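Both complexes shown next keep chain A, but they swap its partner, so chain B is in the first and chain C is in the second.
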Partner chain A sequence: MSTQTTAQSPEAADTSAPGITSPRKRVARGHGRLLTRRDRVTLALMAGVPTVLHVVLVWLTALASIALAFTTWDGIGFDSIKWVGLENFKELFSNNPQFWPAVEHNVIWFVVLILVPTPLGLFLAVQLDKRIRFSRVYQTAFFLPVVVSLAVTGFVWQLVYNPDTGLINSIIGANRPGHYIDWIGDPDLNLWAILVAASWRHTGYMMILYLAGLKGVDPSLREASALDGANEWQTFRNVVFPTLRPTNTVVLVVTVIEALRAFDLVFVFNKGAQGTELLSILVTNNIIGESSRIGYGSAIAVVLLVISLVVIIPYLVATFRKERRT
Partner chain B sequence: MSRTPSGLSVPDPSRRSLLRGIGGAAVVAGAGIPLLTACGGSGTAADPKTVSLGSNASDAVPKKAFADIYAAFKSRSGITVDVNTKDHNTFQEQINSYLQGTPDDVFNWFAGYRMQFFAAKNLATPIDDVWQKIGGDFPDAMKALSKGEDGKYYFVPLYTYPWAVFYRKSVFAQFGYQVPTTWEQFVALCKQMKKDNLVPIAFGDKDAWPALGTFDQINFRTNGYDFHVELMAGKASWTDAKVRTAFDHWAEILPYHQDGSIGRTWQDAAQTLVSKKAGMYLLGTFVAQQFTDKADLDDLDFFAFPSIDPAYGQDTVEAPTDGFMVSKSPKNHAGVVELLEYLGTPEAESIYLKADPSVVAASSKADTSSYSALQKKAYDMIGGAKHLTQFMDRDSRPDFTSTVMQPALQKFVRDPKGIDSLLSSIERQKKTIFASA
Partner chain C sequence: MSTGTATAAPGRRRPPVRPARILLHAFLVVTALAWLAPLLWAVFAALRPYAETTTKGYVSWPDRLTLDNFTNAFEQSDMTHYFGNTLLIAVPAVLLTLLLSSMVAFYVSRFDFRLNLFLLLVFTAGNLLPQQVIITPLYRLYLLVDLPGITASGKLYDSALGLVLIHVAFQSGFCAFVLSNYMRMLPHELTEAALVDGASVWRMYAQIVLPLCKPAMAALATLLSIWIYNDFFWAIVLISTGENMPITSALNNLSGQYFTDPNLVAAGALLTAIPTLIVYFALQRQFVSGLTLGATKG
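Here is the complex of A and B:
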């Protein structure tokens, strides 16, 4: 819609220009008169307040944490900030036994979210789009985990995985000495155990996104492909799925964000013990809490920022390029 | 959402005022942020009849116990204690920003390195004047715990509790076990318990701090108090052969620990002792809080961690001590002094202990006649100790213990064979952390 209006407006200006002889000044003055004092104050507030908030809460803090990444600071008094150059990063890359596993786990988190809950969400969306009975009930049921706060999700799943009294171990009898399956503590298991919980939630999220996308697919396309004799799978593969392209982009971006900001679930689950280290948890452990290694924690945050930029910049470039072309 | 018809037909002026309202709300929200960061002080400035106090006693039992003390203080002095309670862990995590902002006059805190740290950073007020009055009531070990690095007093202890090995008297009687005092007896007992189908040592390290307590015990029994202090202060090396010996001892009893421990909370581990499935459990006396049944509680007993090197015997007791500190610029200094003098009395301590019987008084003058058998034993154990330690996260830098030691010990508990590379990794990280400030 926006592209339409921008395409029309220069045309409209062109046609009006030769018709009226001295309109330009009047239009300008008229434009000024159109905006009363109140309008201008309102506009200034509407543009100004979000800008101030954005600059203070996003840019200043981001730049401050980048600057702090090259210092050590215990958080007490500004005079105790000491410049250390690249020391924090050297320490991080060579000495921190949790850093590389954390990077790896963030990547695994993303890959699993893309491979399991995303196709599953698409599948559910396609099924629910067929106007089956109780569709609303199913939608609600699958979407409910998204509505529930992640901290609550983590708490619930932690009850399921509890080694002594948890649902799983109780059912399979693995809560006896010598038979324990430590879903929460065993580094070979705990990441996957948490990913089940994360996927459980992400599926509902993806389902809603795809459902919205599917509602936007022109029914005449389906009719046409049905007339051409395509079966359901062929229709989906060759007609419906390609029209979901904008949705797929959103899904990809959302999933990347989910993978990078993964935190609450794990923090409630086992505080990021061995096997479930994540960058966000390392940042928290170093900065918040009593440890107050603010410089070091900021260095980890900068690494997280760089990773996000690597993902976001190509996306933004592609989006802007597309906009310019149309 | 846009379906509501009224939203579409609203005339211009009111839509504008609506937008203005939103803008205004945003401004308020923006202004709210600095306000939030500054919260903490309860703003009862310079009222001579009020002292504000930041409390971490968020659990029901201690909260009530402290409230009883402040009520008694009010009826005595006429000064109201305005308590600002925060969740225990949150209080601890926010302590840095809390003390730098507008803290309450007095706040709950722990003895040891962390107290000295805030004293050295000028975030606390020395209270030598208070100690002139209450000094006679405390043993020397407590006096030492209450001083900063500059030799001034900064802390008034209220209560303390020892770490020890807990067991059920009925279980020991049933199987004919003897309380072990040496390492050999202890290991033999573990073996026997395993044969008798008990979990020898209950263990839950999900919260990552219980393993710190196990290490403390094994280390000061193996290497003595002095080495332990040096190690905690970052002076001794973690790659020292002595540390390795301590870990070897731990590895020897690790097979007798409850498995699946990294996923288990200490409360769940304590339940295995309650249900008599486990034979022993090394923890602080607060484990008694999990024994809600009176008969079970009466059946609970403990012994000091067995001696490993006879040169050190059982001379050191880990006895974390909780009490009070004064923030950097209290609004009502006279009231604060009066309150702390009262908190240092045996009377205040006995009020607290009445409500929370899982701890013992820090004062040597406290009335022990109402103590339970467990409390008496704990009191004697602390009184007879040659050295008192606090706990690894109170005796050392918290950034070191929380970001290095907690994950490292969880790793050791899971995989004791990787100890050498683990220790050199600890030492490398320790050097960086202790080198900074």
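Here is the complex of A and C:
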């Protein structure tokens, strides 16, 4: 069922290419009537070249992922591609000890991000949106982790978590043999340790999005609410928060995507060893790892694609429907 | 309450200092310091000689703070080379992304209203996909494309060109969306008049529309530079020779080979972060506005 919806969008995307590369028939409205032949060629190139590049490298490869998911292929010559139907998915769902933990970890990743750093980012944004001294300085501090690459973030947090030399174990005295707390190696701990680092980054990101949203809240609404005798919390809950709805949608989508894309931090920490498996890591291990199973890796990618399209498509449809109205 | 007084008295620039405000500042200072703590800890570790930290432990009062770890990390791992790699990838990628996405945005915002939404939908949806969805076929495609004489590897795989192309294809989605929204705000008469005067489409784009988009382009350029500089995933998969990696991805190899102790790792990681920090501090406003340009629209 869901694979059908998946296939629709990329196919539709693909058929758009010829329409764009020959705008001659289509540019009837707008400035179209005044165009010379040379202008039309220029326009065709201007719209066509970027579209072809994008469609070939992003959408055709996404389609190829879907197609390859139903095959086995060793990557040597096209002759060796064999159709196996749902075999890859069967094996994935029933026979891969890493798959369900990975799904679970991706879900946990999302739940943690939406429950901890997102509300915290909103809270900080609300505080910093008050006319407060040094607001910019605070903003810079909270936003700094978003600017630094995730790879660097991974290394910085390893200095905090290292069992021998790290900040935490040094402070609580767990850096002696026999007392070790292995934040990175222990499969019961490492996901949470990484999630602290991920949340550290996500908070600043959410804060900036909410700050932008709050700038759009009509100040007279707040005044009216204050005149009616509402306290700060009541004003926020009944007046400000409802008007932040568009921002909340963006935040939700961004958080889902971030949870699905999660890769760099885990790769730097422990390459997705036990306890930190993620779908993105499994896909990648099937490419650069020892066992290069193309069809199988694609099947995991398809799972990832389906989940992301379930979120992306309704969001974009809603967004663009609104645009059309304006 | 406090918001009420603040906004209800617009004549006064700042509300009088109240206990609630002081409490808020205290909270924000503590939280901000906590937020900076991991980075400051890395700076602290990087400034201390390894010999001292092995004997005294990492949580201890420093006898000596030096920049030796930074110079060692920089020289031993030949970081200049990897910064060069990044430059070779990021500069063309940012420029090409801006050029291509502004052309698409120009087309959809000025000429074709029916295709407009659909085209933008394709670009934006593509930009939101997790990279891992497309990486397996992309990796195979890059291995299949032979470019003898054009790239050092003779293929798209393991080449700067390959990375530039995927960055451009992936990022142009977001940029086209932002720029087309921006261009639609420009008055239509502007280009209409130029067209009536016989200006070519290219002149309209290059001499009328583009100069007006400077603020949006500056914001996007800042954002793209940092994103592409920070990219880790594409290079890890699409580059096989360690020598060819851009700095962010090279960090992973270097940390095992050259950065043998935590102090050196800290110094190496911080050195890698410096260019992004410089760009961020110099162009903070552009960066933030670029990030929220796309988001607030939604």
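The rule we apply is simple: the second predicted complex is superposed on the first by the 271 of 326 C-alpha atoms of A that agree within 3 Å, B and C clash if a C-alpha of one lies under 4 Å from a C-alpha of the other, contacts with A are read in each partner's own complex, and residues count from 1 in each chain.
Note that in this section contacts are C-beta pairs under 8 Å (C-beta built on N, C-alpha and C of every residue); 3 or more make two chains touch, one makes a residue touch a chain.
Worth saying up front: this structure is predicted, and the values here are computed from it rather than measured.
When the two complexes are overlaid on their common chain A, residue A:250 makes contact with chain C while staying clear of chain B.
With both complexes placed on chain A, chain A has more residues touched by C than by the other of chain B and chain C.
Of the two partner chains, both chain B and chain C are touched by A:42.
Once the two complexes are overlaid on the shared chain, A:185 sits against chain B while remaining clear of chain C. Contacts of chain A with chain B, set against its contacts with chain C after fitting on chain A, overlap at residues 38, 42, 46, 49-50, 53, 56, 75, 162, 165, 286, 288. On chain C, the positions that touch chain A within their shared complex are 1-8, 14-15, 21, 24-25, 27-28, 31-33, 35-36, 38-39, 41-42, 45, 53, 57-59, 100-101, 103-104, 106-108, 110-115, 117-126, 128-141, 143, 165-166, 168-170, 172-173, 176, 191-192, 195-196, 200-202, 205, 226, 229-233, 236-237, 248-249, 251-252, 255, 262, 265-266, 268-270, 272-273, 276-277, 280-281, 284, 287-288, 291-292, 295-298. Per the touch definition, chain B reaches chain A in the complex via residues 16, 19-20, 23, 26-27, 30, 92-93, 95-97, 100, 114, 121, 123, 199, 205-208, 258-264, 268, 271-272, 398-399, 402-403, 407-408, 410-411, 414, 425, 428-429, 432-433, 436-437.
By the touch criterion given at the top, residues 9, 13, 16, 19-20, 23, 26-27, 29-32, 34-36, 38-39, 42-43, 46-47, 49-51, 53-62, 64-65, 68, 75, 124, 127-128, 130-134, 137-138, 140-145, 147-152, 155-160, 162, 165-167, 170-171, 175, 197, 200, 203-204, 208-209, 211-213, 216, 219, 222-223, 225-227, 231-232, 235, 246-247, 249-250, 253-254, 257, 260-261, 263-264, 267-268, 279-280, 283-284, 286-288, 294, 297-298, 301-302, 304-305, 308-309, 312-313, 315-316, 319-320, 323-324 of chain A touch chain C in their complex. Against chain B, in their complex, chain A makes its touches with residues 38, 42, 45-46, 49-50, 52-53, 56, 72, 74-77, 80, 82, 84, 87, 91, 95-98, 161-165, 177-178, 180-187, 190, 270-271, 273-274, 285-286, 288-293.
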